[in-house]
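Two complexes follow with chain A in common, the first pairing it with chain B and the second with chain C.
Showing the complex of A and B:
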């Protein structure tokens, strides 16, 4: 029983980690506090649902199609909607306030579109729901597959950011945008790429999540909140921190849902958040610079 | 007190006297529209009381509004009305103090994140409590409070929020908050206890939100967590305050009146696409009028001189 709960907690935590990695790219590098972030996850989940039940294709094919689309969409959102704000903002704080407001508006637009299309009902589909037996515990194959894919995507991102020239440039912008400019890094392009990459990640997570969770059009806000909490908990801009914090959150949530009450998972999230705020506001692996 | 201040007090008193007559002049529809507008005027003014000078965007308006509404739903039948309002205010203060003390000593972003999910958290907790402990979801609110009485209570609350805002503007607290809004580090170095000032004002502003919820609850007769904690309310209040302009006390009201009428129209004509349109209106405001109508008015007044 404990092993089963832990396994499904790790799966959920892997999703949170993936979602938070994308958000930490958007917030840490592009300096955009994106409140509409989770809406993209739900949109991707609906896209995967449509792939499976509308086109009778595997949602894994969706994983090849949906994230690139989300990348393009996020890139367009950044260039058209957010760059004017970046140009207008005098300080980092001013940009933060403006981006919060603009993306809060975007949240309601995207959510409104999905509500108009799908209503408030819960959706799910049954893909690879075969029980697998691992060391005496039973896990659904779709969960395990989602976890493996999340690990592959996360690892790929980590390598891309640490081993390539472009990745290094992106990380340099996260550390100090002014100094990055001095060493001939195009901060605007790097920011736009980081924002778009974040969008692609959350869309990938959306496709994976749709394979084993029920979802509805209102759920984006909750994912945004959890991603934000994980980002803060791991330390803003820190990928490894996001990974660890995501796993912790997934595990705690699952334990609370199974052993206490499923209605209290968000309360558990908030309890962790409060603890982080009180004990270590710079995050598990964050530097206390701010 | 300057001549200008005396004039604005007189104008405010006159406006209140005229507005108090609304229930006698208009029919049921007019009155319900007026209730809507005055309640949003209180919420938007209370919102900008805190978020205006400090520039900390609070997304939790409906969390407090809902707490007030639920307090009424639980206690209205058993307790006298003033006691219900007092309980609502106390619960609001406690929640606001927890949020404020845990986040406002840090940078603004923690506060925004905390407030972002607060309504959802409270909604889930209330749902959990109702399902597990009282075994009902949704409550009927039966009181003998008429629509006109709700309107007058809201109007009194609106007057109170303006008086409080006016007094804060003239007090040391108001000066401290403006300093925090301009530069928090400088404010701290001049000896202002920034955390205390922020928490005090946040708590004060949320009390008005909680009371608005408590007063409005009898309008619905039936409430459940989804109605009481509807995130669109937070969003609407934010838009209205921003359209009006948050750097002046009278600003938010300028945004409330046109938008309340517009939303009334949109809700009637496009009930299924309401949040899309509101979102678009909001984005438009953020880009086109960042300083609100009050900012535009000031610009227009200053130009000829």
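Showing the complex of A and C:
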């Protein structure tokens, strides 16, 4: 039983981490507090649904197509909509406020387009909902896939950020955009890339999540909020932190649901969040992208 | 010739002028505020908005409502209440005072209908709710005689379910233990409270009884606990996303209780679409008559118009309520809201559900409280009334 709860907690946590990793890049490196983040996730979920029911293709194929599209879209959004804000912002705080307002508007644009196209009704489909038995415990293949991808993406990007030249540049921008310029790093390009990469990540999360969650055009904010909790808990801009914080949240929620009371899962989530903020305000693994 | 034509024109113009004031109305303005965005939008756009659109289209296709011997077309004013009760109240006030609508349609859900109830009452507009389940319905109908509570009370549903389970137990089909979970929100709290009493009174024991917060994205811990409780009846008062997740995660966990009763969403068209043969045997609120040609025709029309079927719980009741309103208006023959309310309270109406006569502003035995998916049809299995289906117990094992 303990194993079963742990396994389901880890898969849930993997999903949280997957959903949060894009935001940690956008917020930590590009310094854009993107409130329309969850909407992009839902849009990707609709795209996966369209792949599955409209084109009768596997949503896994969507995983190859949707994130690159989201990358291009996010890149364009950053260059056209957000770069002017970055240019005129005098301080980091000013940029934060401006980006919150701008992406708040973007939220309604994306949501409105989805409402016009799909209405407010719920959508869902079944894919890979196959039970896998691991050491006596059972887990759904689609949820496990989300966990595996979260770990692969998390570790892969971590290595890319720490072992490559471009990754080092991106980290430098996260730590100090002004000093980064002094050592000839193209801050704007690095930020745009980080923002676009965040968009691609959240689109991947949307495609995966659509395989097991029921969604509608209004559900984006739920994911934005969860991602924000994970990002702040793990340390803004810290991919490994997001991975660990997501897993911690998933495990805690499921342990509390089984051993205490399922009604207290939300309370437990926010209790841990508060505790982390009190003890380690910079997040579990600290602020900058390490 | 030219002069004659002009003369004729002048005469006919004069005739038109003379007629115009005599026809009191050239259109009927109907307004509604409904959740097009926010958490209620999912339910509203499946059960409620299609009914409004379909009825208006149907009536206008006939030329409009028959008022005072002539057809008067309907004009619609629609607002989004953003799933917010203050917004709903403001919008309804605005519909009455600014848009000066002749009639109002209700919003979606128990909470919002309770919120706008005083406004409907203040201005004397009939409020035909069909997406609100509350045990206070009889009391509310007394306090606001203009309000009609067509979807019934929580107690009605859980009593019907308890009766059904009791019968199964006496036939030796199920044991005395029930595992129950409920969402920590209006619907789940109301229904689970009523069920706790009803099940205990019927001699059942709640082996597992927990609530979970809205937006829970993994229900496998609850399914595991229900499984370990040893109960062979599983009851969940859940919302659509959880209903879908519960079905899927139960299948993955190979949890197959003999009776599986789930909440809102089982009657949605996406449910059998997604689960196919695995929907077989799942029970929920609502249900359809197998032999009712008019609900079948209604479902077909719904499918043609919206590319998806109706909700097998509230939809047919909703369309019936609009038919009742239509007939009440035509019988009164003018937009006299007090007379329309009176007619709704006392008249007998022809609806897709059959003949309906309200008792204390509520429907009595006009629809099914409990249904079960059988051979791809959501059959009504309770209460006991003509055409009742026989529940299949135990539920068939999950298919891969």
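In the analysis below, the second predicted complex is superposed on the first by the 253 of 290 C-alpha atoms of A that agree within 3 Å, B and C clash if a C-alpha of one lies under 4 Å from a C-alpha of the other, contacts with A are read in each partner's own complex, and residues count from 1 in each chain.
Here, contacts are C-beta pairs under 8 Å (C-beta built on N, C-alpha and C of every residue); 3 or more make two chains touch, one makes a residue touch a chain.
The model shown is predicted, which means the values in this text are computed figures rather than measured ones.
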{"item": "Contacts of A:115 with chain B and chain C, given as first, second, both or neither", "value": "both"}
{"item": "First (chain B), second (chain C), both or neither touched by A:263", "value": "both"}
{"item": "Which superposed partner A:253 touches (first chain B, second chain C, both, neither)", "value": "second"}
{"item": "Chain B versus chain C as contact partner of A:130, first or second or both or neither", "value": "second"}
{"item": "Which of chain B and chain C A:164 touches, first, second, both or neither", "value": "neither"}
{"item": "Partner chain in contact with A:107 - chain B first, chain C second, else both or neither", "value": "first"}
{"item": "Chain B versus chain C as contact partner of A:5, first or second or both or neither", "value": "second"}
{"item": "First (chain B), second (chain C), both or neither touched by A:189", "value": "neither"}
{"item": "Partner chain(s) touched by A:214 [first = chain B, second = chain C, both, neither]", "value": "second"}
{"item": "Contacts on chain A seen with chain B and repeated with chain C across the two complexes", "value": "111, 115, 222, 261, 263, 266"}
{"item": "Touching residues (chain side chain A, partner chain B) in the complex", "value": "33, 35, 81, 84-85, 88, 93, 96-98, 100-102, 104-109, 111-113, 115-116, 221-222, 224-225, 228-229, 232, 261, 263-264, 266-267, 269-270, 273-274, 277-278, 281, 290"}
{"item": "Chain A residues touching chain C - in the complex, by the definition given at the top", "value": "1, 4-5, 8, 11-12, 15, 111, 115, 119-126, 129-131, 138-140, 143, 212-218, 222, 250, 253-254, 257-258, 261-263, 265-266"}
{"item": "Chain B residues within the chain A interface of the complex", "value": "55, 57, 59, 102-103, 106-110, 112-114, 116-117, 120-121, 124-125, 127-128, 131-132, 231-232, 235, 238, 242, 272-280, 282-283, 286-287, 290"}
{"item": "Contacting residues of chain C [partner chain A, same complex]", "value": "35-39, 41-42, 44-46, 181, 184, 210-213, 215-218, 220-222, 224-225, 228, 240-241, 244-245, 248-249, 251-254, 265, 268, 270, 274-275, 308, 400"}
